[in-house]
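Consider the two complexes below, in which chain A is the common component and chain B and chain C are the respective partners.
Moving on to the complex of A and B:
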């Protein structure tokens, strides 16, 4: 068995490591260098311009809009999805009360999980296209406006995708919509592993449903909430497909719905400013890392309080 | 992640009966109202989740006239011509074929190379083992966008190589598949390494006693044993590759090489001018079908596979 071990290891490692190194690792390494050049992508040579791209970013108003929008996404989408996810998961798994058992799932909970999770398997462009018709004017689908009209709220009808202030919030809604199911399934698995006798004990102590949820369920799934939170924040950084499809490559009216991913793509492949695009990519890396670390720390502190 | 908790023995029947007398859980009017409210919320979210997609499916069977005058109503008949127009005139057929070709290649390579790498990393000791493992792990945290620009140039430059260049350049199925493989390997290797570690040593030893070579031990013994892990991971990667949007946008810039998600985006952008809404929805349904079928058949594994990434 000793015989031929290294040729075997080499033969098995070469394809995966080779592909990974060429298509993923080498681009990451090059990205930082490209961000220090003024490369247009068309010329064979590029000039090293130091941190000029980063200075340009500092003074770029459009980048500020994109940053603000990314900040909204990173803060609001995780909070909304986690709250809704916890709410629905607890209803599905510990929401029912039957004779003889302190907690049970509600009837049909597995069907609900299947339905809630479905948006996760649908590609973001398809979701974006469908929702651009939901928010469209009435003569092109416009489900939302028609629903508002049907319940007598005509005054709220408007051209949603033409209103600068709404753009990023529409993206928030669409992303939340598609992600809630993920957390329902994730938290359901965590809640299923909570021993039932803890709920029996809570019930014997006369604890109300809300108290049980707050004092028993939430602390016991908090670990899952924590990882889920970080994962969600990182996902929310990338809103590329949703924004690109629903608002277009310029980020909607006056670029008001722009996000960093779309801006980077636009700078590279439509303005041919690859150096600047790479610099935005580096900024996204830094922000992703920072967000991950911040969210981890913030939550760890809170967990100590609750436990 | 599958913590199958058996029902623990609760308090004795008397204690429970006592509790029931005191608090009457599940039988009081207040409790019942609350349950109804719960059910209402759950149903409401179910509707919010399904209605937009159901609406898209219903719209794909309408005529354009019906869609414009009554977008919320049911179609008068089934307008199959929408699907024909989507498939032919709107080029969805071509995009669908492109997606199938690319995903078939990328999924096969991801699973094969991922399993090979993970197997060696999990079960063989050699200098540099940990280094390579962490190299793959690093790919889990780096954002795709940082790599996007240089990746474009890497692929473009590979295209100018002699002989192999035609398969490795921009607008090539094989290039895009390789890019998918590279971006799927971190998670695949990470997940399968953990899986291969859990496989019993005794079987591997028995294989060696029977005179298996390293290669046949992998292909005949270990790989078949890893099947459950391979299946959930293959589903995860299938969905990821089929739904990919930004990577093909960079690699496949030629019109007739576009993949489905990309082609639909272009179609959606042009639909307003052509006013052929129902063909667009037919295209969406065509793109949705493979995913829907996979999800209905394998929903438990899909859910497990997609959530495993967070829990592990």
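Moving on to the complex of A and C:
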């Protein structure tokens, strides 16, 4: 066995490494090269222009808007989703009190568990289209304005999609709505694995529901939260489908709802500037990796061994 | 979405289209070339340059000298016009004369999605109907040298009469719309008339006149508003730039076509012309008097047009594809009649008459420079431009064509298109157009589009609007990476 070890290992390693190199590493390298050219995306030739695309990015006001919006998404969407996800999951699993069981979900939790999962089985384009009609004007079928009118809150009615300042917050709401279900399920699974006797002990010591949540539940599912947080930050960096479908290829009124993903798509396919689009792509790569690393480091906590 | 060169990109372009494009980004930005060395950007196929396109003997029957036995690969955009006009009308005409040329017909909804990679690889089909949401930017194709020069086609004798060249059978402006720096690269086959589309039924029922001057327009709008109907819609948050069409047309009627030449040639101060500001002020007064459909500034364009077609508003700026585009909403109410009117005059002493209309050839067809059989592709275009081919097209898809006289004797049943055809005939030589939206796509959208959107929400004044448009034009003018175009008149 000993003399054939390396060929044997290599035979198994080469195909996956090769596939990884071709489909993962090579595109990165090529994108970085394209970002240094003026390639239109149509021709077989392109001119090398050095860092011109990056200089252009530095002076691009629209890119700043997109960066600001991405920053809002990366900061707000994960926080909102985590808070809501943790809250709902703890309500479903450990929030109720019933005779015979000290730790259980609230009434009807089995139904909620299914309902929360619905947004996840609806594909992103459909969510985008549906929500563009939630926020549309009333005479064009706008659901939100109609609801506000029906309960007498006419003063709160807005032309949501025509108001620059609202656009990114609408995206925040839609993305949070579509993410929460998954994290409820994820956190539920984590909470199921917490031994019941810890809760019983906390109860015997007179711990309130909120204290139990803060001092018992959250620390014990923190690993899962951390994974979810990183994953969600990366998802929020993207936001392409939601913005493109709800607000259009220009990022809505005055481009105020633009994000990097949509901007990259627009430069590539609408402006035929694959070089600049690739430069934006490289920026996204750097930012996404930075965000992932920051979140991983910032969330390191001591591990609690359950066993 | 049919025949216009001024297409709207709908906010929610369908999922398939963009998934395909996302896939293409994946392919193009990082394809599965076999090794790291193989590149998304294609690279050398220099040997192609040396290859001669196949040809046959030039004769009276074969003025373009096409090879009589080589196949011809065709891509037709399967959109508002469908692709049956090609298989049922044009291809039989072509095949009757060239029975040994096999036509490989393809229909595609997303042209770029299917063909962009083939262009990059230097292996495009012979003939492409480059249209729809997936249109590949013609300006970019031209400046990348990817399109075949169509001069020979336009100089060749026409299909029907060997004594008349193809050029002379076309409507004025038809070739110009596809010409860059003096070379024709794009055959624009359908003819689009722009104007203000109105609800004839509502005007008739209420005895409101069709306004011919802006003052009459304001009077009619006051009556309409008093009756509880919205006088105007525009294409909402998606495409406020449609309002530029009456804006620029009215300004041109007031001051003459030179102002359009100045705008297209990116001359400094072009957007600050007094006539344009006066026209912009007139458009803004629609907002100031609350004459727009409530909430229209936040609507998706199809929703806004749909409400117009359902009688919620009277006037809507658009081109002659509107009737096709809103066919479903129009069919809901059998009494609904629509018609097109030329943009009203701002002042009695205008330079151009009321009948002046903006019209242009649209629906682009191209022959790629790397095509295997470009001569047969041009011959196919020549067949399309025959009287029989053009008439058949008009009847089949309810659209005018660039072929002069082809719609004569054709009864157009669609009332809107019939009124557009009548308006075009009444205009005679007073046909105007501007080219900057097709020359500089980013200048029109998002540039001017966003400025006009802000004007229509009354967030900026007319002077600020003119300054913003001027700034957009300056940006294009000073960007050396953009190929500049020029028009003489």
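Observations, loosely collected:
The rule is simple: the second predicted complex is superposed on the first by the 270 of 307 C-alpha atoms of A that agree within 3 Å, B and C clash if a C-alpha of one lies under 4 Å from a C-alpha of the other, contacts with A are read in each partner's own complex, and residues count from 1 in each chain.
Everything below uses one rule, namely that a contact is a pair of C-beta atoms (placed from the backbone, for glycine too) under 8 Å apart; a residue touches a chain by one contact, two chains touch by 3 or more.
What you are looking at is a predicted structure, and each value in this text was computed from that prediction instead of being measured.
Superposition of the two structures on chain A leads chain B and chain C into a clash.
Residue contacts after overlaying the shared chain place A:143 against chain B, while chain C stays out of touching range. In the superposed model, A:40 lies in contact with chain C only, and not with chain B. Once the two complexes are laid over each other on the shared chain, residue contacts for A:113 go to chain B alone; chain C is not touched.
Of the two partner chains placed by the overlay, neither chain B nor chain C lies in contact with A:85. In the superposed pair of complexes, A:253 makes contact with chain C only, with no contact to chain B. The wider contact with chain A, measured as residues touched, comes from B rather than the other of chain B and chain C.
Of the two partner chains placed by superposition, only chain B is touched by A:4; chain C is not. In the superposition on chain A, contact is made by A:161 with chain C only, not with chain B.
Once the two complexes are overlaid on the shared chain, A:270 sits against chain C while remaining clear of chain B.
Comparing the two complexes, residues 22-23, 25-28, 30-31, 34, 41, 123, 125, 128-129, 132, 139-142, 244-245, 248, 265, 268-269, 274, 277-278, 281 of chain A contact chain B in one case and chain C in the other. Residue ranges on chain C touching chain A, taken from their complex, read 9-15, 18, 21-22, 25-26, 28-36, 39-45, 112, 116, 119-122, 136-137, 140-141, 143-146, 237-238, 293-300, 303-304, 307, 312, 441-442, 445-446, 449-450, 453-454, 457, 481. Contacts from chain A toward chain B in the complex involve residues 1, 4-6, 8-9, 12-13, 15-17, 19-20, 22-28, 30-31, 34, 41, 84, 87-88, 91-92, 95-102, 106, 112-126, 128-134, 139-143, 146, 177, 180-182, 185-186, 189, 192-197, 200, 203-204, 206, 209, 224, 227-228, 231, 234, 237-238, 240-241, 244-245, 248, 260-261, 264-265, 268-269, 274, 277-278, 280-282, 284-285, 288-289, 292. Every residue of chain A that touches chain C in the complex is listed here, in rising order: 21-23, 25-31, 33-34, 37-46, 123, 125, 128-129, 132, 136-142, 159-163, 244-250, 252-255, 265, 268-272, 274, 277-278, 281. Here chain B touches chain A in the complex through residues 1-3, 5, 7-11, 15-16, 19-20, 22-23, 25-27, 31, 34-35, 38-39, 41-42, 45-46, 48-50, 52-53, 55-56, 59, 67-68, 71-72, 109, 113-114, 116-117, 119-121, 124, 126, 132, 135-136, 139, 141-155, 158, 178-179, 181-183, 185-186, 189, 208, 213-215, 218, 239, 242-246, 249-250, 261-262, 264-265, 268-269, 272, 277, 280, 284, 287-288, 291-292, 294-295, 299, 302-303, 306-307, 309-311, going by the rule given at the top.
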